[in-house]
Amino acid sequence: MAKYKTLNHIPSGVLNASDYESLAPSFISNENFGYISGGSGFDKTLHQNRISFSQYNIIPSVFSDVRNASTKLELLGESLEHPFLLAPLAYQTLAHKNGEIATAQACEATDTLMVASTLSSYTMEDISKNAGSHKWFQLYLQDNFKDTLNLIKRAENSGYKAIVLTIDASVQLPSRTAINAGFKMPNDLYPANLTDLTPSITETIDEQKSEVFRIFAKNVINKEIIKKIKEFTNLPLLIKGVLNPNDALALKELGVEGLIVSNHGGRTLDGVPASLVMLAKIRQVVGDDFCLLFDSGIRSGDDAFKAIALGANAVLIGRLQVYALCVAGALGVAHMIKLLRQEFELSMALTGANSIEDIKESLLQKG
Amino acid sequence: MAKYKTLNHIPSGVLNASDYESLAPSFISNENFGYISGGSGFDKTLHQNRISFSQYNIIPSVFSDVRNASTKLELLGESLEHPFLLAPLAYQTLAHKNGEIATAQACEATDTLMVASTLSSYTMEDISKNAGSHKWFQLYLQDNFKDTLNLIKRAENSGYKAIVLTIDASVQLPSRTAINAGFKMPNDLYPANLTDLTPSITETIDEQKSEVFRIFAKNVINKEIIKKIKEFTNLPLLIKGVLNPNDALALKELGVEGLIVSNHGGRTLDGVPASLVMLAKIRQVVGDDFCLLFDSGIRSGDDAFKAIALGANAVLIGRLQVYALCVAGALGVAHMIKLLRQEFELSMALTGANSIEDIKESLLQKG
Amino acid sequence: MAKYKTLNHIPSGVLNASDYESLAPSFISNENFGYISGGSGFDKTLHQNRISFSQYNIIPSVFSDVRNASTKLELLGESLEHPFLLAPLAYQTLAHKNGEIATAQACEATDTLMVASTLSSYTMEDISKNAGSHKWFQLYLQDNFKDTLNLIKRAENSGYKAIVLTIDASVQLPSRTAINAGFKMPNDLYPANLTDLTPSITETIDEQKSEVFRIFAKNVINKEIIKKIKEFTNLPLLIKGVLNPNDALALKELGVEGLIVSNHGGRTLDGVPASLVMLAKIRQVVGDDFCLLFDSGIRSGDDAFKAIALGANAVLIGRLQVYALCVAGALGVAHMIKLLRQEFELSMALTGANSIEDIKESLLQKG
Amino acid sequence: MAKYKTLNHIPSGVLNASDYESLAPSFISNENFGYISGGSGFDKTLHQNRISFSQYNIIPSVFSDVRNASTKLELLGESLEHPFLLAPLAYQTLAHKNGEIATAQACEATDTLMVASTLSSYTMEDISKNAGSHKWFQLYLQDNFKDTLNLIKRAENSGYKAIVLTIDASVQLPSRTAINAGFKMPNDLYPANLTDLTPSITETIDEQKSEVFRIFAKNVINKEIIKKIKEFTNLPLLIKGVLNPNDALALKELGVEGLIVSNHGGRTLDGVPASLVMLAKIRQVVGDDFCLLFDSGIRSGDDAFKAIALGANAVLIGRLQVYALCVAGALGVAHMIKLLRQEFELSMALTGANSIEDIKESLLQKG
């Protein structure tokens, strides 16, 4: 098939944001769809992410007066129109020839905060020019700490407003879905941000060598690194990939500005709990006033409502952005965000929530 | 296919009221069956309605003496033969050429209370002439409040005994089932009650415009409107579409005469809880002596028994009436009601309940 | 197909008693299999009977010393070899030309207590001659109480040791499984015990007439009838068809000698709880020393072990006896009983239970 | 098919230890695969073993520093590299012409403790020569106790370090899976250790003879036998096949050095609980310092992590070793162990567990 089959219009019949998931296989190769859609290992965590949302229903209210309702929120000093952030996804040219540039344009068009990945197909500088004013930079630690600091410096210089340090991707189990689909990372894909150095993160374990502890130890985060990063930059620092309440407390005490509860969309280590299962426990330990975001498993505005009701300030959208990107480029991504937002607003209207702060666990019925 | 394939006799092999659901697809077009059977969105709430009933079994009693048993009940001053009311369903000419007239005839023949819809294919006056003495009028708020009051006045004048204000249909998510079946509202369908004004309720959200809050705010119910309606009419006022115990209490305190726990058969907003899950909670807050009806998910007399055991005074039958209508017209609807009633009487006989009041939660086994 | 295809030997490959269920469809017509295997209505209770057993596992014990183990028990003055009774099943010539005579022969061959049905294809006198010393007579109330008493008198005269009064079959919902299989009660089937009178029990509700309460009231048991029966006969009286703990207590207080917890194998009224779910509750109210039997859902010796652990003194086997009967006649029934008994003994050996009394709920692991 | 189709290299596409289960059917006959894969009876316990692991997820930790992590452990005086032991599996020449010899070579190559079976295709002396320094001998009681003692003596003489007395295989229900696959024990298979005597254990109940208690009583373990074995040998004695906490306590009090919680991989008596369900209860009664191993249901390193978190010191691998053996002989077994170990190390790294002792139930999320 042609490398890209992207439409330059929104296809008919898209009623919900999740319809882009159903459409995507017609717009990219099986191999790439396998890579994007698959979780690690046997997809156990991937499925648990989805199941976790179905445990909750939303209780509507009759007297909901939403004449003054708004989805606006403040997040680490930024005023956002809505609580949907685009998660940092690597190598978006797998889905669309303009990759992160198209995604950035959709973000600008929809007042959406974009989190640009270290492993992007375009440079963070090029992405920044297209992304509007709300943009954060996602950071992977580099082998050489000077390289890490240099990435932060470039992010500052090109207008990113926060650093999102991902800490759960240092070791990945291969995705059986991707392997079964025949996916191989194309030779012409390279991280545009890292042309001067070899990308070292996301090291897949070679199943023939028993080096688990060695690889893990090499890549593990520690408190010193976080302190050094915080000393180096004045940008807010968020940590992405937290599932453990003890970790959450320790990170807060280290002075990081925010946390992202995430299991990397079920892509790192199969068998960890659903993010949603851990969210409320983590909110409990970090307290009400701490910036806590949610990632992994959201496919609708209702899902976002549930995550916020259970403790998140805002949510990150992962796979759906790539699905929309391959279907209809920047236009598709913008449309997908609009649908998510409408679904979310409907949940707010339904429950009478006039603001993000109004969205509480009491609006959910469990089980 | 011919527009209507209705039989003029009861088909053989109908053992249970729910058999009309299985038969219906042979008597109407796929498109119309999709519209009638589908819930909103992904049918999540539709399915949860059904599952909720399967959580309960009915505990029989040996010494059940039902020689004096009766299904009679008093409801807002009316003496009814049985607790099955026909829910207000719009545009019944989709199912049968005589539409609501046929339904009304079946109600008269079976001593059944009919709730006529604002959005009927025939005028409320014509329906009333056929419906027997037990009939209520279901009201949608009109854009112009004078039009709303005029509908109430006409209902009074044509003999309706109560007003049922529906408050959960102001915004609907499109039914994916209906859309996938290719359903489009026929051009020649119009609400006969509203020929002098444009129907404004049941506004489907245009997915291309982010106007959720605006539409919702425009249509939302508020306490002033309810007070004005109560001042305007001496008919009892019931509110249909309540799921939230807080709302139930507030509405009771506003002086409404009754509530209908309902999620509109899973047709308004996908993801709200099953009606049955909220019923007992609502009975608890409104107290024992308040008129509380149940709607959404009933497909058998046993289901009705369970809803009454969990706190309802009576139940409304939605989809089954249209299924029976398209299969065998007035005769089918009358037969369907008779089957429901037999199934219900059997549950009463089984448990030794001699009256509706005898039906208590202690007669159910959960889980 | 030929009316009967019964083998005169045990077929190969029968490893478990339940294998007779798999084999039966090859040995009787679809219609008859539908009638025998089906439950009432939608088979909801039938399935719940089966599921209820899967909720429990049996905890084995290492030091189980079963050198002196025995399955013997005393039941209402009779010394039985094992706790498997054959339930009263009507019209066994549907399955085998010798019907209850063959079943009786199997009982004698395996020291099994047979409960002969009022609605048998052969007379109770003929059955008694073949059934060995352990035999009870199952009684349906007749329209004319003198006929009822006459049946009891005949049972006494022909050597039956107890009367089992069935009280849950006065009203039945038709079995959809039987109807869908095209089953009709053959014209040449009649209850041999009742040649002088019209059989009146097991009246199926005509779906066209709303006479539920009338039929039910006519057939219902009451305390006076039970007292009269007890005055009339010195045989122990058991009541079959109890699911409600309140009923169990009332019946015990009336002086009946035993109860059979049963939902008629899911054949009377669909939607009542699984027998096993009610068993422990009933044992609790009647106390440890009262004769309490279990019926409905047993397909293996393990199932029997679980029912006894949860409070039964012994169990009745329903469908399996007819399945074995149609496959291999008396030989099949005897073999089926032997397999059940081996499976049961294995559960005893496994847990170290040396007697029926040793089988306690602590030997089960729930969930 | 040829009797053995074993590869002399590791096949491509093996990502997880459990892949050997998927590959095995291509490398052995259906009959033998049925025998190896099947559980007893209806495989109820076999399936519950698998389901029990899916009830738990592993909670990762951010600050996991595994630079000094190790999977080493002390077990009854032996220093092991990792907690995976190979369970005693009978007649391994069913899977590979070199049978236990190949398995022993894989154990030596991977520093794995092998538990050699009484019913091996090669003599324990031959196996010992190939097995490296960590090896235990699994003992079945023989009809003649002198034969039993002679087996222990030979085990001592050939370097085995402990005796594992299996007590749950004295009676087995036939495996329906094996029977349906047409499996028959080949005539040329015999237990090499027992050429001078008839093997008496693993007596399958002949379904035609009601001799359950007799057979069971003959083979049952008792406290005297255990005391005699302990007096006879100085080797540590472990008991394999414990599920009952009462038994566990009694055995500990008898002075045995260790217990193996096991339901024989679901192969003995269908319907007993999953091993994992009983594990924590047993750890509770034997206390923290007692050697408690886990067997039955492990198919991955994560499973092993969960069993250890719930109370096991180490785990035994059953079916996977035969699957790997038939696919690629000693090489396959060694590779399978390496994969298990990597999966296990990843779970440790993920949670920050630096040693087997660090693996606690608090690292699991249930449900």
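Some observations on this one:
Letters A, B, C and D name the chains as they come in the text, with residue numbers starting at 1 for each one.
In this text, contacts are C-beta pairs under 8 Å (C-beta built on N, C-alpha and C of every residue); 3 or more make two chains touch, one makes a residue touch a chain.
Bear in mind the structure is a predicted one, so any value in this text is a computation, not a measurement.
Interface of chain C with chain D: the two copies contact each other largely through different residue positions, with under half of all numbers used appearing on both sides.
The angle of the rotation carrying chain A onto chain D, fitted on C-alpha atoms and rounded to the nearest 5, is 90°.
Distance between chain centres (mean CA atoms), chain B to chain C: 43 Å. Averaging C-alpha coordinates per chain places the centre of chain A 61 Å away from that of chain C. Shared contact sites, meaning residues of chain D that touch two or more other chains, are absent.
Interface of chain A with chain D (complex): residues 41-42, 44-45, 48, 167-168, 171, 173-174, 176, 179, 205, 207, 210, 212-213, 216-217, 220-223, 239, 241-244, 246-247, 250-251, 269-274, 277-278. Listed in rising order, the residues of chain C touching chain D in the complex are 13-16, 54, 57-67, 69-70, 302, 338-339, 341-342, 345-350, 365.
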